[in-house]
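All remarks here apply to the structure that follows.
Chain IDs A, B, C, D and E follow the sequence of writing; residue 1 opens each chain.
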Amino acid sequence: MAVANYLYLSAILFTIGAIGVVVRRNSIVVFMCIELMLNAANLAFVTFARINGNLEGQVVAFFTMVVAACEVVVGLAIIVTIYRSRRSASVDDASLLKR
Amino acid sequence: MSLLTLVGALPLLGAALIYLIPNKNTELVKKFALLVTTLVAVASIFLAIGFDKSVTTMQFTQSNSWISAFNINFAVGIDGISLVLILLSTILVPIVVLATWHESDGGRWSVKTFYVLILILETMMIGVFAATDLFLFYVFFEAMLIPVYFLIGGYGSANRSAAAVKFLLYSLFGGLLMLASIIGVYVISGNQIGATFDLTQLATLEIDNQTENFLFLGFFIAFAIKAPLWPFHTWLPDAAKAATPGTSVLLLGVLDKVGTYGMIRFCIELFPDASKTFTPLIITLAVISIIYGAFMAIGQKDIKGLIAFTSISHFGFITMGIFAMTTQGMSGSNLYMVNHGFSTAALFLIAGWMMARRNSSIISDFGGLQRVTPVMAWSFFIAGLSGLALPGLASFVSEFLVLVGTYTRYPVAAIIGTLGIILAALYILIPIQKTLHGPVTPGNEKMTDLNLREKIAIAPVIAIIVVMGFYPKPVLDLINPTSEKVVTNAGFTDPVAEVNK
Amino acid sequence: MLTAPSLGYLLLSPMIIVFAAAVIGVLVEAFMGKTHRAAAQLTISIGALLLALVQLWRIRDLSSTTAAVNSVTIDKAGIFLQATVVILALIAVLLIADQENFTAQASAVPGSNEEAVALLQKNQQTEIFPLFLFAVGGMMLFPVATDLITLFVALEVFSLPLYLLAGLSRRRRLLSQEAALKYFLLGAYASAFFLFGAAFLYGYAGTISLVGISAAAGSANEVFLLIGIIFVSIGLLFKISAVPFHSWTPDVYQGAPTPITAFMAACTKVAAFGALLRIFYIGFAEAQTMWQPIITVIAILTMVLGSVVAIAQRDVKRMLAYSSIAHAGFLLSGVVALSKDGLAASLFYLMAYGLTTLAAFGIIGLVRDSTGEVTDLNRWVGLGKKSPLVGSVFAFLLLSFAGIPLTSGFIGKFAIFSAAYQSGNIAIVVSGVLASAIAAFFYIRVIIMIFFTDPVNDSVSVIIPSVKSKISISVATVASMVFGLAPSLLLTTATNFATFIK
Amino acid sequence: MQTSENLLWLIALPLFSSAILLLAGKRANSWGHIMGTIVSASTFTIGIIEFFAMQSRSEENRAVTQKIFTWISVGSFNVDASLLLDQLSICFVLLITGVGTLIHVYSIAYMSHDLDRRRFFAYLNLFIASMLLLVLGDSYLNLYVGWEGVGLASYLLIGFWNEKPAYATAAKKAFVANRVGDVGLSLAIMISFATFGDVSFSGMKDSVDQASSTQLTAIGLMLLLAACGKSAQFPLQSWLGDAMAGPTPVSALIHAATMVTAGVYLITRSNFVFDAAPIAQLMVLIVGGVTLLFGAIIGMAKDDIKKALAASTMSQIGYMILATGLGPIGYAFAIMHLLTHGFFKASMFLGAGSVMHGMKDEVNMRKYGGIGKFMPITFLTFGLGYLAIIGVPPFAGFYSKDKIIETALNEGGIKGLILGSATLLGAMITAFYMTRVVILTFFGNERWGHKDEPHESPALMLVPIGLLSVGSVASGYLLYKGDWLVHWLEPVVNPLKVHHKELLPPIVVSIMAVAVVLIGVSIAVLKYRGEQSDKAPERVSVFTRAARKDLFQDNFNEATFMRPGQSVVKNLLNIDYLLIDGLVRGVGSVSLNAGNKLRVIQNGYVRSYALLMVVGALALIATIWVVTA
Amino acid sequence: MINFALDVGTTATPESYLFYFLAPLSVLAALGMLLVKKAVHSALLLAWVMISLAIFYIAQEALFLGIVQIVVYTGAVMMLFLFILMLVGVDTSDSLEENIPGLRPIAIVAAIGFGGLLVSLISRATFNRPIYGLSEANAEGNAFGIAAELFTRYVFAFEVVSALLITAAIGAMVLGHSQKSKSKNSQRDLSIARFRKDSLKDASGLPSAGVYALHNAVDVPALLPTGQAAPSSISSVLQARGDIIESATFEMKKDEEEEK
């Protein structure tokens, strides 16, 4: 099996995540899709680390996890705030700002 | 600091001082503005006296580094062409100030602001004609729009804001195209002789044909809009209708000259080859302008619109003369710029007084003014006659020179152009008949004639119109060497008369 | 065993000072009484920024690629960009200090009793200051970061506080929270793209350092490089609001508290462009022929779309948002130019644009009615009559945006288009010029509304600005004016500082 | 060539007088007319002095010049403001100042009731100045100044009573028609400059041999166009009838004696061009011939006494133009007829003015009748003029007209036949309609409707008329005697250089001329001898109807120029607004629309923003996919 | 030139079995995230994807990351997600119908294009260098290798991440923590308040939700001894949300019984 398969998988997962952001309305699910994209990127990093024979990719993946964790905290805080004011977690409801 | 810079800076200084006068003291503001502008006019006459007619290089030059990173200098200097246009501006401004004493009273902003704007504009006008640095020219060229924009928008009549926007957008559009060309020229200069904006150095560039054509067009469209040349003219009637008479005088009398001045100074001097390429096209546009403007003028119901369209016709003549590339055409066009400035000033100022008295600008609202207000009527008549280029009045000499100069190279254009002479009779005499002649229309019986202030304001203009008609030599002497130089540098020589071949 | 890495603390000190101040701010938040917190926080912020500026001045002639073990390059351009961020932040912090714009209690549900009580008690979310400082720190790091991970971390460090800050408006909180949500979701989305791209760059080059990427040319075919460039660019183009990654900009600019919008519009642009310039000038310079057409197209689209859509805007903040999109397009010409001139022009442009933007948003913050800021353009009608000074200043700023000569905006535009033309990219110059013409239309429209239309009988008024706002707006305006009339100083500096080292 | 310092005064005096009268305003009301007249008289005096000075010099030294200043000098285009007085111009100077002065005197009385008499005199002086400049200018460009100056004066004088819109319109019409001619003159000057590099008479004359005939023909045709405009020749004649709106002295001076003859002067002055351009010369003949008949035909149908006289003027100038087309010998006869015509037509116009003065400004001859016995002196002077114009020997018109007929016949061949018959036919018609005028006015039943009897005019009016009628009696013989004028003009037009063979003996021609005149007179007497109605007959022939309508000239002009012109203006106004400005506004609204359309993308949904990003990313990937393929 | 997709880094057979088993599953799970109605199911499917990835990490010689992925990501981050989902309403389900016209078709086309092009592009990649493998880099252990990188080369980034963490903490606090406007009432204060009220009806405390009712969910009101529903028994939070079930069905049908 070629290592490249991991990259295909990564690309597919990334695509799914990217589209998930577009099609799902629940803001938490949308956010989860973004997490999926980050994970896909991490998979690519790990795979490339293996190909390149150095650990930089893994380090990046590690950083990504930390950053993602922070992002999750902030993101969920914002989502909860919105939820408290609007009683809704749908991203479509937050569409007053337009045009 | 050269005298030229001083002349240019004086109005700005005046504007600063006016700012210190309390808002309420409007009379003092006006008087001070008059004083300053008169001083500028006197100072500029000293420029003319000190000007050496025998050389064609720039005089009263001054150059200080401004933006060293781009090798931009505050470089000014004048030759004959710029000198006469500066004189035109500086002489017109005090006349406008005096003539339109009450113009600023009902404006959106204070009287003080009006005169501050006028004075700033005067500096810009002098600057734009004096700049010998391309970048500096552009700065004045564009920055000049702002005071005019506010003058139209702040003190004009109905539709002023729409007209002001139209004016500004048109000019900005042209200006931006020119900016692209300026950048091009600058970059090319950087590749060839070291980046510079100095006009004399830029004139030595060797640019390949296609690029030169594009660069030329950038400049030309900007100037054609400014001038205005058909079909870039539609802003002018609107602006002239909306602006106060005083502003219109400066707009038509001076600002539009920047367009034709630019054609000489930049289009031809920087891009002689491209000028040659585009000459037939431009001559065609000019001829269309002449005829088109005249026909449109005949159809106008509004007196300001009429004057605006006559100007379009006249600018057609000026452009035609410039691109005829003969010394007669070139000098004629230069002279025409000056003469048109004064003729239009007279027409517009008097029309302004008429309109202020009648509170209308519709031609058919007037009638029989010759009975009621003879002095005003006569002044208007004389200004009108100058507008139709009656021999003995200023415009004739220049119009004839343009036609003769054009004929020797482009006879067909000149022949069509002469049709403008007939149409001129129509577009001037029809309104004159409607306003001055015929029975006194109701509402005009009590109209008052010109007061002393107005008489003092208009007298010098009329005098200049008459004197320039009979004795244009002093001005031609200033213009001739430069225009000969321009034509020669562009690679043209005057066609030789048949019998001398 | 590991050997301890040595850090160039002097070179890093500006950033460290800001981060440290932020941490101190957090401590203040925790231990200081409510009454003096705001003042203390402001003092800390200003102090830290000034100190950072002083440090930047001290290291202005130094440069090093190893200040932080190869992950940060301190060089001339980097220092200039950092200084720009700090100076703009200094002006912005004075606007931010005006607590009137921020919610009294972010956690309170809008319209609830709790909120009313908080308002009554004049509570303040002084956490804004540390958040702001963290953002500034991130923005300082972003343009000097020279490997992909530091870039990513810096990106997040300045983005996260901004996401939060965007949601803290005092009035129209629903809009503000919506802005925060949109900014956050889309920002995170863009980060994911960035990261994915970074992975491929790493795959291509075997390293994540920019120098390594540019040195790796030929070690593989360009497919991974291109994927990497594209996706990394998407992340950065999002931050600078280039089309088609711009959609967040108008919504967020409109919804966020105005001082934050000001800060965001000015500083984010500097930081993001700084990074973009560094990445393209150092990391992707070898692949120039591949990305240049793409970025050119994006730049043209950005200028045109930003200008065209701005015409149709009714809200002044949204209008400026679109204007900022258009300006991003202009600035991209500097990236495309890929020359020292282009870099210098970009540096100048960023400073000039930042100042103008800050002042403009500062003024927007002053136009209010009883319910708070009024951003509806129809209600700005006749403002010039009510407050000539504010009207004139705003008009001047708009003219500067429009790039009328004698304003800094014009010099910037001239410089950047010259550089683009010099690099042979004439299409971008012509489109830029045409877009400028379109753009002029809406700037002028606003000037008309302010000056040439009679005020409607509506209780919009210009509040008398606090001393802080006054200082902030006037400093920004005067600086913008000076850089327009006598741009030499800044231009020369920008030219002198226009070097990236590898 | 000799110089004279007096020439400037000829122009400057009336010009300054005019300026003073205009600037002084009402203050000059009391003395304005006196000053105007004195100035005019002094120019006449200068003219006389110059004439005698000239006569006393040898033939080759008679011409004098005066350079005043350099007017225009650009490159090779150099024009001095400089004057030339030679044998040709002195004739005009004397005619203008002489007749002019008489008419000034006449006007003092004629205009005495007009509040604006001062202004009238200002205009008259302005006219004198311009007309003198026209004939004294030494180059076409200087001539042009005078040329337009007289046009302006004519405009001002026709529109003197411009409160009446019709009069103002008539003035405008005259100016515009003149302008059409002016285009010809300015084009002629342009072509001259391109051809000769010079626009002065002397300069051009010297190098006329080197110029190509095409250019000369073009110059000639353009000059002819100019002459047509100024001299009311076909096809630009329509303004002259309307120009009668002006006060009668104006009609006498400008529209009979002097200004309208400027075309003849122009062609005569340009003899060197026409002599070298046969086609142009032929056109001159045709124009002259057509106009002389045209005017005559119109003259038969006019009931307005002034318009009848105007038509006659047109016709007589037709004679002169025709004469100038006959080559060197014709010029002299043209000038001769011009001078005699100046006397008798001025006399008749003033006579008509006198009649109108006595008839409460009535101009319709149908409302006259039998005035002869109330105004005997007027009748007498008018009668002398009448005899002169129809060409009864020995009155002035006989000599001059006879010479033209004779020269025309002497052309020989078809050309001679056509021209001869045209001139003879013209003479017959002239006799007819002038007789008609005299009968309707002075004889027959009294048809004015009011009680007040017509009265004779004051002496101040009668004296000038008297003096002019003396001229109309004597001038013909004086000029004819010993071919005085022909010799006098020889240095200018070289009339004797070309030898003319005589086809018919002069006496035969004279008899033929007198015969046709008698026929004309007889027809008129037969037709108008009985009682006349005070209304014009309604049932008249097609020809009369056409003649009454000036042979549909105005209708033609209206249909050919005015209507299309108006529709061009109207269409251009629309085009300007809809197309050109519309295009600009279109760009504006397209951008605005685009802006509004694009705003739709900004629909507020964060998901669609994300989609936009995905699509953007997709586009980028697709690009590199294509590139790396 | 090495064709990347075919040649580079051919792996050992067991790994390929693992991949071919897990990869489709994870892709399916990811797709499922998009298709299931309930957010909580999405969360679980994401957790499954993450665990799969953790296994892949381990398979690709990234032991440390694999563990971290499970512990931090799947363990902590996903729990956070679930926690918030609980807060927001674990039962709420998304309507999968699209309400932005035209979005879905474009999205599907874009997805296929995006993924397809990306995969196709990756297959075009070629390398001029061999695949290295991590055996050398991991010589001293994967964790040590990462630590060595983290604490030397990337130490600055690592330090800066702390800023991120602090930011996250402050952010959560700003948005979540409310400064109490007054000190919280103690139990004593509450009792005094209860007895000082006009009525002593609920002096003994409110009934819990669902008491005596046919159902004891939190959103079902308790029944008073009279058999009538007591709305006050339901948490005010639920009331404010309107999450209150019509109590009629759970009430004792007093009237009916009396009739009988």
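Here are some notes:
We take it that a contact is a pair of C-beta atoms (placed from the backbone, for glycine too) under 8 Å apart; a residue touches a chain by one contact, two chains touch by 3 or more.
Note that the coordinates shown come from a computational prediction; the quantities given were computed from them, not determined experimentally.
Shared contact partners of subunit A and subunit C, listed by label, are D, E.
The chain with its Cα centre farthest from the Cα centre of subunit A is D.
The most central chain, judged by the distance from its Cα centroid to the centroid of all protein Cα atoms shown, is B.
With centres computed as the average of Cα coordinates, no chain lies farther from subunit C than D. Counting C-beta pairs in contact across D-E and across B-C gives the higher total for B-C. Taking each chain's centre as the average of its CA atoms, subunit B and subunit C sit 44 Å apart.
Chain geometry summary: the mean Cα position of subunit B and that of subunit D are 37 Å apart. Subunit D has its Cα centroid 95 Å from the Cα centroid of subunit A.
Centroids built from CA atoms put subunit E at 33 Å from subunit C. The set of subunit A residues that touch two or more partner chains comprises 7, 14, 17-19, 21-25, 30-31, 47, 49, 51-54, 56, 59, 63, 67, 70-71, 74, 77-79, 81, 91-92, 94-98. Within subunit C, the positions touching two or more other chains are listed as 106-107, 149, 153, 156, 160, 163-164, 167, 181-182, 185, 189, 193, 206, 221, 223, 226-227, 250-251, 441. Under the contact definition stated at the top, the residues of subunit E that touch 2 or more other chains are 4, 100, 103, 107, 110-111, 114, 118, 121-122, 124-125, 148, 153-154, 157, 161, 164, 167-168, 171, 174-176.
Working note: touching chain pairs come out as A-C, A-D, A-E, B-C, B-D, C-D, C-E, D-E.
Subunit E contributes residues 100, 103, 106-107, 110-111, 113-114, 117-118, 120-121, 124 to its touches with subunit D in the complex.
Residue ranges of subunit D in contact with subunit B, taken from their complex: 22, 25, 69-77, 81, 141, 144-145, 147-149, 152, 155, 159, 162-165, 168-169, 171-172, 175-176, 179-180, 182-183, 186-187, 189-191, 193-198, 207, 210-212, 215, 565, 568-570, 572-573, 576, 580-581, 584, 588.
Partner subunit D is touched in their complex by these residues of subunit C: 181-182, 185-186, 189-190, 193, 221-223, 226-227, 230-231, 233-234, 238, 243-245, 247-248, 250-251, 290, 294, 305, 308-313, 438, 441. Here subunit A touches subunit C in the complex through residues 7, 10, 14, 17-18, 21, 27, 30-31, 34, 37-38, 40-41, 44-45, 47-49, 51-54, 56-57, 59-60, 63-64, 67, 70-71, 74-75, 77-79, 81-82, 84-86, 91, 94-98, going by the rule given at the top. Chain contact summary for the complex, subunit A toward subunit D: residues 18-19, 21-25, 30, 91-92, 94-99.
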